[in-house]
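Dropping a structure here in structure tokens format, bear with me for questions.
Think of it as A, B and C in the order they're written, each chain with its own count starting at 1.
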Amino acid sequence: MLEGIGVSKKFGGLAAVSNFDFSVVEGQIVGLIGPNGSGKTTLFNVITGFYPPDTGRVIFKGREITHHKPYQIAKLGIARTFQIVRPFLELSVLDNVAIAVLYGRENMGSMEKGRARALELLKFVGLESKKDVLAHQLVAVERKRLELARALAIKPEFLLLDETFSGLSDTEIQEAIRLIYRIRDDLGVTIFLIEHVMKAVMGTCEKIIVIHYGLKLAEGRPEEVSQNPLVIQAYLGKRRA
Amino acid sequence: MSVTYILETIISGILFGGIYSLLSAGFCLTWGTMKVLNISHAVFAVLGAYMAYWFFVKGSLDPLLSLPLLALLLFFLGGIVYRLIIRPVTKAKDVIMASMVVTFGLAIVIENVMSYFWRPDPRILKPPYTGASFFIGEIAISQGPLFGFVLAILAIGLLYLFLYHTYTGKAVQATWQNPVGAALVGINPERVSLITFGLSIASAGVSGVAMAFIYAFYPSVQMVWTLFVFLVTIVGGVGSILGTAFAGLMIGFITGVSAAFLPFVWVNVILFALLWFILLFKPEGLFGA
Amino acid sequence: MELRRGVILNLEQDKKLVDNRTRVRRLMRTSIVVLIILLFLFPIIRPPLFFLTLFFSVFMYVALTESWNLMGGYTGYVSLGHVTFFSIGAYTTALFMNRFGVSPFATAILGGIFAAGLAGLVGYPVLRLRGAYFVISTLLLAVIMQLIFMNWEFVGSSTGLWFKLLPVSMETNRLIFYEVMLVLATLITLLVRRVEKSKLGAGLIAIREDEDVAKTIGINTPWLKMQAFILGAFFAGCVGGIYGYYMSYIHPDITFNINTSLLILLMAFFGGCHTWTGPLLGAVILSLANQLIVTFIGAEISRILYGLLLVIIIIFMPDGVIEYIRASQFFQKERTS
């Protein structure tokens, strides 16, 4: 459904992403892992149109989106969350989601309709009791739910999640994993996620891609990848491998 | 139009440019370190010009001699303004907007206080040595701008030395580049801000004296000088004192060149249109971070 | 580390809060309607001309500040160049009236259109800038336009332009303009309010809150910003057209006066720029105060007081009056920490 071919992105002298190939099949949950600074978020930024890649192409459902603008990519059905959540702080939880409903693929015309639909989404992520609370009053976990709800509000077919599990307790991780599965199963959204929390990765992903210094290091099922000596070396250093 | 004339206008432009550099240096400093857009910066320059004027006219004290006193007084004034006005504003959600608005209010107050007490008639600061012209071959360089320029360069030099060769100065730079990091290594951001702002106002005052060597001044000229400040800051970027210095010189040079070939009124249009284009295509400025 | 700031909803208190809110809203709505009707009828009691002039000025600032707020408050792009569009409106009206004898009230619309045209032209490059750079570029726009108009024969350069006067008495003159500006101010405020509650308004607010995120939820940010910019310019142009005619003489120093741009900014900021009531409040209070002080005390003192007032207000309420009220107990739900 989504694939990247030979994607490279440099900043100044530093190659954040080098000649990176990846593909995610429809209905999959794929993870992207790698040490800090390895280029993961940059890749997401390239996919969502915030940076044009220096080389390479990004293709979504057979359509080339390499040089598309972010809003166009959103309209085509790719949604994303951010590593550090970015809610619309001054607005209510409901409105945060409602605006996304209006401008997303459902393309509604008025805030009333948008809010109605937003309420359903809030129920889906478990935030409906907080619907009138202003976003800046939310706790961290709630903000993550909000971020998710807002991303889902544009009715995407593909979702990019950037380190959603960071800072969550064990119970919260389990809840979040269940939520991810529901997004895939009930809403039919394909998921590509960046993650550091191994428990979450192992618990959700069918396929894992490992990135290191911008290069693809390994790819495969979670069991395979976790045994891969190169991967272990990248994370833990040579001696442990 | 002789070569001499062209050279004279260009040199004159460069001299003016150097003075604009000093005028903008302090503004750049506060914007860079504290994210404070001090619209009242130029009005303190005008205040400095008036102070030197009164020392000269009433106290027979040569402007160059009254400078240290002037700078000191304005440094303290800057500290007071910081404590009373700027510091509360740095707590706002949108510091840039809030600081812009509050310093605009301040500028109006100071401008009109000056206007009320000293009347809006234009003044000139003309110590005897600014009358003559200095000659390189056939090229005449008016001594007013020349002294102003030398003053400006010296002041910028001092500022530079402070920033790069004193502990406090380096602390200021650190805060500029990375406020959180600076705080983490034990630099007191409060003190840095206080010193920075005081320094900024003091430099504004000194630049006002330099400006007075080349322009007549009156309270409402502060708005025109503010535009120069913006001009230099945007072109030079908010990154460094040197960047500002070069930007000022460049702008002076362009002013000189345009003045040599165009009617004077269009020079300003060109300048601001140029600025506009730079803003559009390279807003970080030519030397910006 | 996130501080836990949970919200506990107590059904009874919640209901009281909702009741309070709706009560205040209804009260505000009715009182504003009543006020507007009273204002329309005001001239019937034949008040001294001074009041008509005073209110004209207030209405004008309300119109200008509301129209500015589309860009400044909702979108978060503070323009110091609003005065440019105002002037284009004034000059367009003057030229069309003088050369073609077109009715001034129709040409005011034309003034709006020309202003909107300029906004469209300039908007594309300017709106790509962010933050302080945007602000300064709009300021420069005003300055450059002023310089151009000062030196351009066609628009009268430094001599200015005269309007043909209406063939009526001074009193009727003032009366007509009073009513016209009141209508304009009301219309513009209502339209701005309509935008605020519309899909466009929601999009603009999203841009203000977080422009990058807005893009990821499908908002075509350049296009929305352009709409706000052009619409605001159009309104300002119309106001300018009426103003020019009212003053019967325009000159670059008067119309392109940066002070006006900054005044608008202050009014919006003072009243709180996140909603339509803010600029209204700010414009009414500040322009009334300003006019009164200028008339009775003197220009310089008035500016000093005005400046001081501004400084003090920003120091105590850095985010504007309406925000301050919103944040106060009356509207807040109970918080536990």
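The rule is short, and it goes like this: contacts are C-beta pairs under 8 Å (C-beta built on N, C-alpha and C of every residue); 3 or more make two chains touch, one makes a residue touch a chain.
Given the structure is predicted, the values throughout are model-derived calculations rather than measurements.
Q: If you average the C-alpha positions per chain, which one ends up nearest the average over all of them?
A: The most central chain here turns out to be C.
Q: Average the CA atoms of each chain to get its centre, and name the chain whose centre is farthest from that of subunit B.
A: Greatest centre separation from subunit B goes to chain A.
Q: Between subunit A and subunit C, what is the separation of their C-alpha centroids in Å?
A: 41
Q: Please tell me the distance, in whole Å, between the geometric centres of subunit A and subunit B computed from their C-alpha atoms.
A: 48
Q: Could you give the separation in Å between the centres of subunit B and subunit C, each centre being the mean of its C-alpha atoms?
A: One centre to the other, that is 32 Å.
Q: Check each residue of subunit C and list the ones that touch at least two other chains.
A: none
Q: Enumerate the residues of subunit A that touch no fewer than two other chains.
A: Subunit A, residues with two or more chain partners: not present.
Q: Report the residues of subunit C in contact with subunit A in the complex, numbered from low to high.
A: Those in contact with subunit A are residues 2, 4-7, 9, 197-199, 202-203, 205-206, 209-210, 212-213, 215-221, 274, 333, 335.
Q: Inside the complex, what are the residues of subunit A that reach subunit C?
A: Interface residues on subunit A, with respect to subunit C: 48, 50, 69-71, 74-75, 79-80, 82, 86, 88-91, 95, 98-100, 102-105, 108-111, 114, 129-130, 133, 137, 139-140, 150-151, 153-154.
Q: Under the stated contact criterion, what part of subunit C meets subunit B in this complex?
A: Counting only subunit C, the residues touching subunit B are 78, 125-126, 128-129, 131-133, 135-137, 139-141, 143-144, 147-148, 150-151, 258, 262, 265-266, 269, 300-301, 303-304, 306-311, 314-316, 318-319.
Q: Along subunit B, where are the residues that touch subunit C in the complex?
A: Per the stated touch rule, the residues are 31, 37, 84-85, 88-89, 91-94, 96-98, 100-102, 104-109, 111-113, 115-116, 223, 227, 230, 234, 265-266, 268-269, 272-273, 275-276, 279-280, 283.
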